[in-house]
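By letter and in written order, the chains are A, B, C and D; residue numbering begins at 1 in each of them.
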Amino acid sequence: MVFAEVRSDPINAAGLLAKVGADEDGVALLFIGVVRDHAEGRRVEGMRYDVYAEMATEVLHKIALEASERLGTDRIAVVHRFGELEIGDVSVGIAVSSPHRAEAYGASRYMIEEIKRRLPVWKKEHYADGVSEWVEGTTPPGTGLDGSTHALPLADEGLA
Amino acid sequence: MVFAEVRSDPINAAGLLAKVGADEDGVALLFIGVVRDHAEGRRVEGMRYDVYAEMATEVLHKIALEASERLGTDRIAVVHRFGELEIGDVSVGIAVSSPHRAEAYGASRYMIEEIKRRLPVWKKEHYADGVSEWVEGTTPPGTGLDGSTHALPLADEGLA
Amino acid sequence: MSVLVRTLFFAAYRDRFGVSELSVDLPRGSTVADLVAELRGRGAPFDVLPEEPAVAVNQIYSFLDEPLMKGDEVAFIPPVAGG
Amino acid sequence: MSVLVRTLFFAAYRDRFGVSELSVDLPRGSTVADLVAELRGRGAPFDVLPEEPAVAVNQIYSFLDEPLMKGDEVAFIPPVAGG
């Protein structure tokens, strides 16, 4: 059963693994996204994730269902965190299990790529010099007039 | 620091993850191979892994070092188990961490593929009907007269 | 007759506009594009909204020609950066 | 003058031969191929060894023309199946 959640509490990575797995599965794969201490050459001290919670939960669930087709099983648990995070904190966790490894790698990778492409989540990095800035992101597909991406003047104006 | 081990004691998957990770890493990936309850349509009740322990430790370490080049970090922990295993037991665990995800997926996948290609380990499946058989495997590269693979008559004669 | 929609602003939009939510009255038959034009027409700070922003209507990514109904929730989605 | 090598058998080989280890005396200058021929020449059960088996000499995968030295450890490697 696909499990997808957006939450502000810490993510228990081992707990995600425990949500997947079956006697018929030969592999399990756990992907963890972690807040790292640098970005584009700048020193990062922490991060805030904003989220459009109701929609993100829906989108995350949809991504997991799509991944399930690739995986061949519904043994998927995915969680994205929001709020203030410190270096080393887990921002996203993706656990899958399946009889064979190719499908597990494919489904896991699919999910993290889709999360970055279309999950309505934004991160603001807190730099060592005291400045905080929204990370330049990706315009989700299926938006705008024709689905093409657009440069947002907001980003250029350095909206921090 | 690359960690590679062949052991008969159970593998602690969460412990493997704890061996990798660094402030500069944005992702960690944990692959787990598990004994599953079927193979080629036959019901499996357990498995015995035999190992050429001294050589396997060397080969596993070498595979990890090669993966490290792809990963861009030396934060790799890989363990392969041998002996009698039950359904659901972890036979192999691979943890990696790195700043970016593409390298993590690539290095993790590289390791499991190379383990299957050349780690001197053999598995004997115990089927529900009481029969046990060595799983047909892969002839490692760099052997034989010219490095090509050879059908082993042993396999054809059903050496169980 | 008009259509009252609920607009949501996240992340950089919210910081810039100083609000996370705004109710907007639109003529019947309006589309998302009309809503964008209405907001941009208010001048600063709303004029920094792109002409073709990414939007979600009732939590589904939508194109700008999507017609709006009374009570619709229209979220302006800055480029996303999860993971 | 002869060369005494230590041969190791694993998995299906060991089951079939009933031994996991065997010391074999070979003429000086012998290669892995000569060792294989010597073993196969012993007849059953050793004659089921392939003519070109996978081997590791001193724990390194090797080709059959590898010369053998006194004390070498030659492992016969059935197709591997880890993971």
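In this section, a residue touches a chain if its C-beta (ideal position, glycine included) is under 8 Å from a C-beta of that chain, and two chains touch if they have at least 3 such contacts.
Values in this document were obtained by computation on a predicted structure and should not be read as measured data.
Using the contact threshold fixed earlier, the set of chains in contact with both chain A and chain C is empty. Bringing chain C onto chain D by least-squares fit of CA atoms involves turning it by 180°, to the nearest 5. Centre to centre, using the average C-alpha position, chain C and chain D are separated by 75 Å.
If you average the Cα atoms of chain A and of chain D, the two centres end up 52 Å apart. Between the CA-based centres of chain A and chain B the separation comes to 28 Å, rounded to the whole angstrom. Averaging C-alpha coordinates per chain places the centre of chain B 24 Å away from that of chain D. Across the assembly, chain B contributes residues 33, 112 that each touch 2 or more other chains. For chain D, the set of residues touching two or more other chains is empty. By the contact rule set out at the top, the touching chain pairs are A-B, A-C, B-D. Residues of chain A touching chain B in their complex: 13-14, 17, 21, 23-38, 87-88, 97, 99, 101, 104-105, 108-109, 112.
Taken in their complex, chain A has these residues touching chain C: 33, 49-50, 52, 54-56, 58, 80, 91-92, 112, 115-124, 134-147, 150-155, 157, 159-160. By the touch rule above, chain D contacts chain B in their complex via residues 8, 10-16, 33, 48-50, 52-56, 59, 61-65, 75, 77-83.
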